[in-house]
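One chain, chain A, appears in both complexes that follow, with chain B as partner in the first and chain C in the second.
Entry: the complex of A and B
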C-alpha cells in the first residue's frame, strides 16, 4: 500500500517537443491517497493510459518525479515497483493452468512453493476461481481471464497499488456489474490503492470514491461523483459527466444576476462579485436535472418553446429553446409533458457561473 | 412435407471440381493406373497387381535413399526452425527502416530460382575458384563436394539452410509481431525473465506460424530435387541421392514407369502421414488437450 505522488510530472512521446501542445501529459502535481479508489475518467487519447504506464514504470516520464510513500521511484524498473496492472484485454499465459498463472508472479520472485500454494488458493477463493484452478487458462471465458489478470496482481503481498486500464471493455454487460462489485469488495477488504481508467462515466461514478477527470493531458477536476455532478470545475467536465451533459448559456453579468438574451437569471451576490473579479466570457451552466418546466408562469419564469421530447424509459428529455439558445431539460416520469411551450424554472443552488470555461461559483 | 430439390446448385461447384480434377485427381489416378500394370508400348500392357509395389519395397537403393531422406529432413527441421526463431527474435520489434532492411535482406535467398541456387553453390564451393571452397582449402582443410560424401552433405545442408531458414524467420517474425504489447507489459509487471517471456508468451503465440513452418519445411525438404540435382547430381556415388532424385532416375533414366508409379504413391503416402502427425502434435503440445 502506498501514497502515490506526482511532482511536476510531464510526458511527451516526441523526441523534439516544440511546445506544450506536443505533450501527452502537461506538467501536473497530483496525490493519490493511500487506500483510495480512484477513477481516471476522460475521452480516448486524453493521456489516461500514459499516466497509468508512468505509475507502473512501463514509461519513463519526460520530466518530473514519481514518489511512492515519499520515496522517489522515477528511475525504478517496473518489476521493482510493486504495482499490479490489469489491461484492457485479458493477458493470460495460454499454456499454463489457472493455478500456474496465479503463481507466476510469485515464482518469478522465488517465493517458496508452500507459500505460493497458500496465497494462490486464498486469492482464487476470493475471486471465485477455486473450482477452475486445475484447468488450462486458455479455454476460459473473458471475464474469468480478466479475473486471472487481476489475481496475478492480488497474489503479491507487497503490492502498492492496482491499476486498471479499462478492464471491463471485453466483458459482457451483465457480468460487468458483478465484476465491478467484486472489485469494490476487494478494495474494501484489502484497502489497496486502486486507480481505474475508463471513458465510461457510469463505471467511474459507481466505482470510485474520487473521480479524476482528464482532458488533453490535463487533470481538470478531481472530486467525489457528487462534486463532479453538482459543481463541475470546468466546462468540459460539465459536458462529459452526466447524460445529457450540462447546459451552457452565454450571458452578461448584472448587479444581481445574469442576463441571457434578455432573460434574468438570479445568482448569489458573492458569485456575481467573484465573476466581476475573474472577468472574461461568462456562461451560465445548469444541469438538465436542475431545470423544471411549469405550465403556469411563476416568479417571472421565462417562456420557452419545446422542440422535441425524447422518451428514455423512466424519464423524458425535453429539448427547448430559450431565446436563441438550445437547452435540455430532464422531466420526471410522473410529469405530464407540456405541449409546445412552457415556463422554465431554475434551481438557484444548482445554477453555476463560468468565466472562460472555468467555474466561478 | 413436400420438399423440392433443386440440383442445379451443383453447377456452382462445377468449376472448382474441374480444376481439382485436372490438377490433382486425374494425374493421381493415372499414376495409380500405371502402378498396377506392366506397359511395353501403346496397346501392349498387362495387369500385374501389386507386383511393382513388392519390387519397389525390396529395392535396397530405395531403402538407402529413404533413410538419407529422413536424415536430411530431420536435420533441416532441427537446424532451420530454431535458427529461424532465433533470427526473428533478434530482428527489430518496431517497424522502421531497420526492420524493412532486415526483411529485404532475409527475403533475398527466397527470390532466387532453385536451379540457380544450385549453380551459385557449385561455384561458391569450388576448390579452385569458389570463394568458400578456396578459402577453406587455403586454411589447410581439404574440401571438395565432388569427391568426399561428407563434404557433399555439408554443402547441401549449408545451401538448404541458407535458402530456406529465411522463410522460417519471416513466419516467426510475423508471429512475434502479432503479440499485443500488453503481454510484454504484463510480463514485466509479473517480474518475468527474458527466458520466461520466450517460453510462456512468445513460443505459445508462435504456435500457429511454427506449425506452418514445420509442415512447409518438412514437405519441401522431403521432396527436394532441383538444388541437390544441380549441385551434386546425387553424388559422389549415391551419397546425396534423395528420394526424388532416385525416383527420376527410375522414371526418366530407366523409363520403368510401373515401379516409378508405385514408388510415387508410397512417397506421397509417407509425406501425407508425416505431415498429419506433425500437425496433430504441434496443435496439441502444451495445450492440455488430450484427444
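Entry: the complex of A and C
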C-alpha cells in the first residue's frame, strides 16, 4: 500500500484551454495517506472520475506530478502502478468459476499455485463466497458478482491502492448495507489505501475516514464525516451533504449577532468579529437537525408558519418560513408537531456564518 | 382513469414473472410500486401499459376490458430508467413530439402546452438545446416533460431517478410529488427505495417475487407491514428481525435475554414468534430501555449526523441508528436498548400478529 500525493496537479481535456474554466481539474495539492479510507464525493461532472483515472494512470495529467510513496509515477502506465480498480458494473468472466475469477489477477502475475489457492480462499472467506468457489460466475446474483469484482481487487497483496468507482450503484439497498459492512471490515483488518468515488452521501460518509468533496474541478473540503456535517467549509458542501441539506438565510451582521429579516440570531462575538473582517455577502447556515420547533415562545424564539409537513416514517420534515425565507426543520418521531404556528429555536453551537459562500465560523 | 388488475399472471416458460396480481388504482391516485430488483416491477408496468399481454387474468380501464389492447390505442405515457430522448431534436421538439404524433392540435395549442410543461419542469431556458447539451437531470426532466405533455390517463415511471445524482434525485422527487398532486392522471412509480415511497406518499404497493404482498397508504404499510418480508422491503437500513418466545409476561430472545411484553402484545398466546424492531428505535448503552440485549460491536459507520452501529447478539447482526457521532471499538461489549411498545410481532410463518399503535393504522383497524 502506498501514500499517494498530487503536486500542482491539473487537467484539461481541451487542446487549447482559454483559462481555468476549461480545466476539468483545477490546480490542486492533495495527499492520500497510506492505509486511509477515502471517499470522493461530488455531483456528476465535478471531476472525480478524472481524478481517479489520473491515479490509476489511465489519464496523463496536463500539469503537475503524481507520487506513490515519494516516487514520481506521473509517466508510468497503469500496468506499472499496481492499482486495483472496481467499477460500477461487475467485470468478471462469466464462463469461469468463482475461484478462477478470483485467481485471475494472481495467475496473470505468475504467482505460484499454492499461494494462489491460499489467497483466494482467504479472500473468498472474507467476502462470504467460500461456498460458491466451484460455481460458474454466470447465473450468480448481481451482488455476488460485484463481490467477486471486489475480491479481485483484494487478492493482490502488492497493490498501491484500490480504487472504487461507484461500486454499489447497481446493488439493492439492503445488499448495499451488507457489502459496505464487508468492505469496511476488510479495510479495518488489512489497512488498505482505498479511494471510493460516489455521488451518494450515505455511501461516502459511512464508508470513509475522510471525505473529499469536489465541485467544478476543485476540492472544496476534505474532512471527517462529522466535520462535513457540523462545519461545512463551503455553502456547496452544506447543501450537498445532508438530506435535506443545510438551510441558508441571507443576513446582516450586527454587534451581537445576525439579523434575518429583522429577526435576531445569536452568534459568538469572535465569529461576528471574523465576519466583519471577512466582509462580503453574509448568510446563516443551519442544518435541519440543528433546529427545533416549540409550541410555546421561549428566549425570544421567532414565530414561524409551518407550510408543509412530510411524514418520513421515523421522523418528519417541516417546511417553515422565517420572514421571507423558507427553511426545513427535522422533527423527531416522538414530538407531536405544533399546529400552524411554532417557535423556531436555533442550536448556537451548530449555527454557522458564511461570507460569500465560505465558512466564517 | 381507474385501472383494475384482476388475477393477472405473467409466465415466461416455467418462470413466473407475475402471480395473481389483484389491484385497483383509483383515478388521479399516486401509487408507488416498491420492491427489490427482479421483484417484477417492470413486468407489472408493462402489463399496465399494454406493452405485454398477461398470460392470465384481466386488465380493466374504467371497468372496460383492455387486456391485450395495444398501447397505441390507449392514452398511456411511460418514463424509463434510461433517459430516452430523440438525440437530433431540440428539447422543444422532444416535448412536442407526442402532441404532433397523436392528436390534431393547432400549432398555437402545441406551443402553449409545450411551454407550460417546460416551465413546470424548469426547462424553459433550454428549449433550443439538443439533449446532448444537457446534464443528466435535465435530460430526464425532458423525458418526464414528454410524458406529461400529452396529459395521459395513465403515467408509468420505472425507477426514473435511479441514474441521477442523489442530490438531483432529492430535488426532482420533491418536484414530482408536487406535480402529481395537482393532476387527474393516475400515476404508478416504481422504486427499490423505501425513502422514496415515503417522500412521494400516496399508496404503496409492495411487490416481491412477482406478487403483491401489501397495498395501502405509505404510512399504513410502513407502520403496519403485514409480513416480515414487507417490513424488510420497506426499511433502510434493514429492520432487525429476531426469533422470540413469549412466556407469560416475558419475551425471550435466543440467547436467553428477556424483555416484558409491549402494550400491543397483551392478547398474544405464549409460543414462538418473530420480533422486528427498526434501527431507529434501537439505542446503544445510555438510557435504559425496557428491553436490553447484550451485543458485540462489529462495525460503527458514521454518516456525519448519525452513527449506524452493527452489533452481534447471539447469531444475529442488529443495527442501531443513533443521532450524533459516537465512537465504538470493534469487539466492544454494548447493550442495545429498545422499547417493547415499538416492536412488530410476526408469527413463525412471517404474518403480522401485533403492531404498535400508530395514527396511520387507526382507520384500518377501525
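Just so we're on the same page, the second predicted complex is superposed on the first by the 361 of 361 C-alpha atoms of A that agree within 3 Å, B and C clash if a C-alpha of one lies under 4 Å from a C-alpha of the other, contacts with A are read in each partner's own complex, and residues count from 1 in each chain.
Here, a contact is a pair of C-beta atoms (placed from the backbone, for glycine too) under 8 Å apart; a residue touches a chain by one contact, two chains touch by 3 or more.
Here the structure is a predicted model, which means the values were calculated and not measured.
Engineer: Please tell me, clash or fit, for chain B and chain C sharing chain A in the overlay.
Structural biologist: After superposition on chain A, which the two structures share, chain B sits beside chain C with no clash.
Engineer: Tell me which of chain B and chain C touches more residues of chain A.
Structural biologist: Comparing chain B with chain C, the partner touching more chain A residues is C.
Engineer: With the two complexes superposed on chain A, say which partner A:105 touches: chain B (first), chain C (second), both, or neither.
Structural biologist: Only chain B; A:105 stays clear of chain C.
Engineer: Contacts for A:149 in the overlay, against chain B (first) and chain C (second): which applies, first, second, both or neither?
Structural biologist: A:149 sits against chain B, while chain C stays out of touch.
Engineer: After the superposition on chain A, what angle is formed at the C-alpha centre of chain A by the C-alpha centres of chain B and chain C, rounded to the nearest 10 degrees?
Structural biologist: Rounded to the nearest ten degrees, it is 70.
Engineer: Who does A:200 touch here: chain B (first), chain C (second), both, or neither?
Structural biologist: The answer is second: A:200 touches chain C but not chain B.
Engineer: Is A:96 touching anything from chain B or chain C once the two structures are fitted on A? First, second, both or neither.
Structural biologist: A:96: touches chain B, not chain C.
Engineer: Looking at the overlay, does A:160 come into contact with chain B only (first), chain C only (second), both, or neither?
Structural biologist: Neither chain B nor chain C is touched by A:160.
Engineer: Does the superposition put A:73 against chain B (first), chain C (second), both, or neither?
Structural biologist: neither
Engineer: Taking the superposition as given, tell me the minimum C-alpha spacing from chain B to chain C, whole angstrom.
Structural biologist: It is 10 Å, taken between the nearest C-alpha atoms.
Engineer: Which residues of chain B touch chain A once you look at their complex with the stated criterion?
Structural biologist: Counting only chain B, the residues touching chain A are 180, 182-183, 185-186, 188-193, 196, 200-201, 204-205, 286-288.
Engineer: So in the complex, which bits of chain A are touching chain C?
Structural biologist: 43-45, 142, 172-174, 177, 180-181, 184-185, 188, 199-202, 205-207, 224-226, 228-230, 239-245, 287, 289, 310-315, 333
Engineer: Using the touch rule from the top, collect the residues of chain C that touch chain A in their complex.
Structural biologist: 36-37, 135-136, 165-168, 170, 192-195, 198-199, 201, 218-219, 222-223, 232, 236-238, 278, 280-281, 298-299, 301-305, 308, 310, 319, 323, 325, 330, 360
Engineer: Enumerate the contact residues on chain A facing chain B in the complex.
Structural biologist: 53, 56, 58, 77-79, 83-85, 87-89, 91, 93-97, 104-105, 108-109, 136, 138, 149, 152-153
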